[in-house]
Amino acid sequence: MPPLRMKTAMDPTQLLARVRSTRHRTRDLARPLTPEDQVVQPMPDASPTKWHLGHTTWFFETFVLCEHLSDYRVYDERFSYCFNSYYDHAGTRQARAQRGMMTRPTNDEVARYRRYVDDGLERLFARRDLAPAVASIVEIGINHEEQHQELLMMDILNVFWSGPIRSPYREPRKIGVALPTPPLAWTSFDGGIQEVGHDGDGFAFDNEGPRHSALLRPYRLANRLVTNSEWLEFMEDGGYRDFRHWLSDGWGTVQREGWLAPYYWEEKDSTWFQMTHEGLLRVVPSAPVCNISYYEADAFARWAGKRLPTEFEWEVAARTGSTTGNTLGTGAFRPSTAPANCASGLSQLIGDVWEWTQSSYSPYPGFKAAEGALGEYNGKFMVNQQVLRGASCLTPDGHSRPTYRNFFYPHQRWLFGGLRLAEDV
Amino acid sequence: MPPLRMKTAMDPTQLLARVRSTRHRTRDLARPLTPEDQVVQPMPDASPTKWHLGHTTWFFETFVLCEHLSDYRVYDERFSYCFNSYYDHAGTRQARAQRGMMTRPTNDEVARYRRYVDDGLERLFARRDLAPAVASIVEIGINHEEQHQELLMMDILNVFWSGPIRSPYREPRKIGVALPTPPLAWTSFDGGIQEVGHDGDGFAFDNEGPRHSALLRPYRLANRLVTNSEWLEFMEDGGYRDFRHWLSDGWGTVQREGWLAPYYWEEKDSTWFQMTHEGLLRVVPSAPVCNISYYEADAFARWAGKRLPTEFEWEVAARTGSTTGNTLGTGAFRPSTAPANCASGLSQLIGDVWEWTQSSYSPYPGFKAAEGALGEYNGKFMVNQQVLRGASCLTPDGHSRPTYRNFFYPHQRWLFGGLRLAEDV
Amino acid sequence: MPPLRMKTAMDPTQLLARVRSTRHRTRDLARPLTPEDQVVQPMPDASPTKWHLGHTTWFFETFVLCEHLSDYRVYDERFSYCFNSYYDHAGTRQARAQRGMMTRPTNDEVARYRRYVDDGLERLFARRDLAPAVASIVEIGINHEEQHQELLMMDILNVFWSGPIRSPYREPRKIGVALPTPPLAWTSFDGGIQEVGHDGDGFAFDNEGPRHSALLRPYRLANRLVTNSEWLEFMEDGGYRDFRHWLSDGWGTVQREGWLAPYYWEEKDSTWFQMTHEGLLRVVPSAPVCNISYYEADAFARWAGKRLPTEFEWEVAARTGSTTGNTLGTGAFRPSTAPANCASGLSQLIGDVWEWTQSSYSPYPGFKAAEGALGEYNGKFMVNQQVLRGASCLTPDGHSRPTYRNFFYPHQRWLFGGLRLAEDV
Amino acid sequence: MPPLRMKTAMDPTQLLARVRSTRHRTRDLARPLTPEDQVVQPMPDASPTKWHLGHTTWFFETFVLCEHLSDYRVYDERFSYCFNSYYDHAGTRQARAQRGMMTRPTNDEVARYRRYVDDGLERLFARRDLAPAVASIVEIGINHEEQHQELLMMDILNVFWSGPIRSPYREPRKIGVALPTPPLAWTSFDGGIQEVGHDGDGFAFDNEGPRHSALLRPYRLANRLVTNSEWLEFMEDGGYRDFRHWLSDGWGTVQREGWLAPYYWEEKDSTWFQMTHEGLLRVVPSAPVCNISYYEADAFARWAGKRLPTEFEWEVAARTGSTTGNTLGTGAFRPSTAPANCASGLSQLIGDVWEWTQSSYSPYPGFKAAEGALGEYNGKFMVNQQVLRGASCLTPDGHSRPTYRNFFYPHQRWLFGGLRLAEDV
């Protein structure tokens, strides 16, 4: 199910509205930031805000306007080198680890670039003949930009974490009293042959298909995510110092990197704090644990005598179970601390933290990447990474779905990832 | 199916005979080597011969004799530090990358250590009461030592490759005329629900179980392995220079490491040579390609418009198909150049090269590692690696089986790995 | 001759005028830069502009105001961590290689910090009782800030060089026709016992003393600096490929780093260009070669059959010889291309490029660093570095003098360093 | 004073006797070692024993026999690649850090190579016409091999230190009771213009000349070396934790490497032990401190309120003062613990430990390296290193002299270096 063969369900008016709102939202996310905040790259994984602003724009320019708006003139020929991420088909580019070296184009220049390309998109939609194939690529562009909205929010937190003065991205917001965490409960699922993957109804990325049958054994999933409070138990029980819980590569990483707690956690006077978009705050015991690697999620599950779910166990449960999402809604930028509503099934599936699964990221049976640059979107990353399911509090509203496959390397921690326990029946 | 719960099918007499022959074979493999050859570590992956000789001995001493021979006295307390590989349960140890720093104990001392432990094993068997659990661990020790026999042969080739004077491990042997490669042909398999994993009949490692059902789609496998001749076509077609064939991590490795051909290949005067246990020899076109990484195997399959098989596709085929092995038998130390016998099904499944599969190495449903040190044998490596199936010309005779799961990191090349093509029906 | 014991020759009025003009000039140097340009650190050696602006301010705050203005209140306690460079006496600090991670304080905040400290300095001078010791530290602060003006200009060029879009710091200025280089000529000096080092008349850094006797042999110095044209001859003669010209450490660096030309040189269509503050310009043949390491300077001298001067040979010549400086005056930011005026002695001693000497940077006989933080200013760097003499086109007017000792590691190239040839009589 | 222009003072009979005894002594030094001990390279600085055996032989073969024995046939063309150290004139070679990869040629083969070349040297001397130039190169070969005798002894200690089983090179020898250290006393020297460097009488390396005048200020040198007991005081006073004593590069190294004591020192149960050729022994308080870097020597001197001598201060003192050497004589392989005999001047100048000086290693005025390979012997290393004077207990008897210049990088510790304090008058 390569992206180019997809058909969007939206009519041009709807699509244009989505283009506009998506483009505006990206700009709004960057608004609280100074020019200085937007240019720096604190580690190779985390790109500068300005780069995200430019890259998402270049994506529309290159794959939509250059291809499908006949009289379009490229804004600046040099920007393809600056803002191409990893598309070998689209030519040479600034090395990933050097994205923070680009003081030019400036923020103002990138803002002009955005407006120029937005104008191009308006002109495209003003024409009569928006072909379905073009509409489909526009829809990919929207979803692509939504992914970068989450990355931008992940990356800017890393910027604030890396400097000596830990400014908040925004002022802390009142969120009411954190209620007690409901007890862990288990929902059982039958297994058997199940259909998984996207069925082609609505947008999906190519890596979500083809839809196919999978054989599952009976299993149970926890009603809620693992909490900070439970994570502290793991820590207090020596979880980070006992090799027995860890995969060999994970244990090596723990020792080499000196991990003692989740990324962004810091101890002061025997109290744990956590770097958030609202600054360094006390760790909230009832909130889902976040910013942990696959290695840590797996170790915790072993310590707890459980295991991580497979991606299909999660998908089947998410499709069939009654679920409750983040009660804060879009723009929360932090996991909910409201009590998970567990009376009727699984809660916290969408909108708190992405959930690590034990499934390595690999192609579904029959998957073939499209020809050309957009075929590089997902397919070439299908090795060495683990699948995460769900969505985090940084994920744009409506971006995810039960078949959505997010993926990161097992050592990475700056993403908003946590875990839900699973067990065999 | 953790190893400790296994029951061996062999009676004590058979088992003792296997112990003796395995221990002798290891010593015989080291016989052509000078003391200098046996101490050096050319890269962290490749351990010194002397270390293999000591480690396999330590394994019997630690897990069999110390536990089950009541009056056994440890040969030298310091050897546990020297020869423990990765068993955190068994205490601290020489860092893997520093194994080549151990000039002491000398080769002669390690030979004495081997004899001392061999005597202990004889004494153990001379007693009346060899408990089944003990017999089972002895059997693991045998299979463990067989694995290290293959590693020893892989590693010593790396030693000879790394020095300026590329001595052969042994003199080249005449092997008759290389006949033409039979044309590529395809065998179809139906798919459906298939039982995979070891059924408990005969020895198996814990990672081969539990036996369980897997759902397969109809598929075809090539009748034979990809040959050097075909690999040269890939190279001549620019395979190592065209990003379109490669996974992203693979392409990064190709560029960073400057890969142009399989490991151990070297071009002189427009002719390709290959480092073998018989020295630097001309590449034989009809022989299976060897010493390639997963990245290369995957890229070749894409270039050919095919794909790699999954580990279960391979297993089902190997179990049901009529197969032909290496015609050279044990101790060939090089892939066969005899024509693959393809009239009646799949050939070259065992005894030429291990076959990379597209399956990442992960636990089977219901897998639980055993408590204690032997639980570290396989389970803790189940991330970041790919499964290989079959057996190579370095694998001891009878060591492998259709359910056997070998595993390496996708960038590793010093193992004797090649590939067989697969495709969807 | 530690700095603290020095007495300034300036009266308070003069001193205050110098403080003001120095502080203004730093601000003016940063004026053409965007906030983005000022925050990035392209390599550990090159600090962000904003850091220079903050550090020079912190220096006055810490060593002058905190110590000597009784009611002074520190602007922000956190800034000492941000802007301390290497003074262990002054506490912990941002790691040098992480200076580019500081998006906060912003440029605007640092500008406020500068004004606040400037006000403090005005208040200090408004009081009656400016003690000579305090005046002396103020004078060090001025000279310190002048050094950072040169560093700022070196570092910002590295920023523009490191990005994909090579913006100029300023627009190119017309400088008249480049006239032919005068032929190389030699001035002889007698040697013998000579007094070297600063005599205490006017400001000097502690490393310029104590003044002492040195024994020199008769020698000759070239009338002018080595030109780009001569450097191209060296390159065309294979200078970068012939080990015979190079020190062993230099040859290792050439091969490891792939040096083929001076830093900031780039070949396009067989023409050499050079990154300058005015952008990427054609290399001017008659201009002094610049941005070369000690290794390159030494290799060139060997290739030419000459040698580098010692620092005392240079000093004696500079003190006694009739010299001609950069004809462009302050703020040229590039070496002069006007003909060196060589009729009456040595030209280009001050104001084009610093001149590498064969002298390693070590203490003069009797040198003792002061107690406390200012004793760290120079003394602790007296190993592994080479002395440069003169001054470059980036050096503030009047900052240097014949006894001035600049010093860098022999592999460093981003400084504005060149060479003058010497030979024995 | 390049080596090729030197004339040896020895007649052919004397010279041949020296060749024989030197060659025998190298072989004898290796005799206690197993083949395993001789092949391993524990760090890039420390070469394998076998390599030293081969390299010194290659030196005679290449520069003496190939050039001057008309019918000489090279033993094995491949050995030049194996055993060339750093002579670019002599062609390509095994990378320094890869010397430990050479399992072949074996020890036995290298022993045969040594005998073959020894035979060649005998044949050379059996001819009538040993030209003075040839004799001079033979003498260099002898002195070269003596240098490698010391390196071999340094390097083999590093091998034993690096393995988990710390075997001794030889059994500990009784050396009588260690007597109390005499109190520190000072000998004064007048300074003034002094002649330094070798005067051409007897053998010297090219870097010891040309002899020239140097201007010295009055100074004092300590009567004896700094002892382990004094070093322990430095450690107990927090010497390794107080930045004030250290050069900036040294302090960075202390922190990065975690230095807490001299190299080869190890604390067990609050007692300090030291790895020696006789195994891990208790640190002897009265013995000179050894295996310290320049950074440590310099820090100690600052802590003590003194300084290191310059190389000329040492040379003038060594030439004029009444001196006492190591009382153990050749082959001690450890610093003397006999009381330094200080009644009449400076003791311990030769035969205990090399003495770090504050002089960077640079060419004497008028120094020019010879053309060709032997010109690479010393000249190309004249940057980034510090001069040591004297000789250590590993230095062959008679190898050193007052003008001898040894040199190492300031961070290196595996050499047998210590220090003697100096001060201004």
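Each chain carries a letter (A, B, C and D) given by its place in the written order, and its residues are counted from 1.
Everything that follows uses one rule, which is that a contact is a pair of C-beta atoms (placed from the backbone, for glycine too) under 8 Å apart; a residue touches a chain by one contact, two chains touch by 3 or more.
Note that this is a predicted model, so its numbers are computed, not measured.
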{"item": "Any chain that touches chain D and chain C", "value": "none"}
{"item": "Per Cα centroids, the chain farthest from chain C", "value": "B"}
{"item": "Distance between the centres, which are taken as Cα means, of chain C and chain A, whole angstrom", "value": "47"}
{"item": "Averaged-CA centre spacing for the pair chain C and chain B, given as whole angstrom", "value": "60"}
{"item": "Pairs of chains in contact (touch as defined earlier), listed by label", "value": "A-B, A-C, B-D, C-D"}
{"item": "Chain C partner contacts - residues on chain D that touch it in the complex", "value": "86, 88-89, 193, 212-215, 217, 243-244, 246-251, 294-295, 298, 358-360, 362-363, 365-366, 380-384, 386, 410, 424"}
{"item": "Touching residues (chain side chain C, partner chain A) in the complex", "value": "34-40, 42, 50, 78, 81-82, 94, 98, 100-107, 159-160, 162-165, 167"}
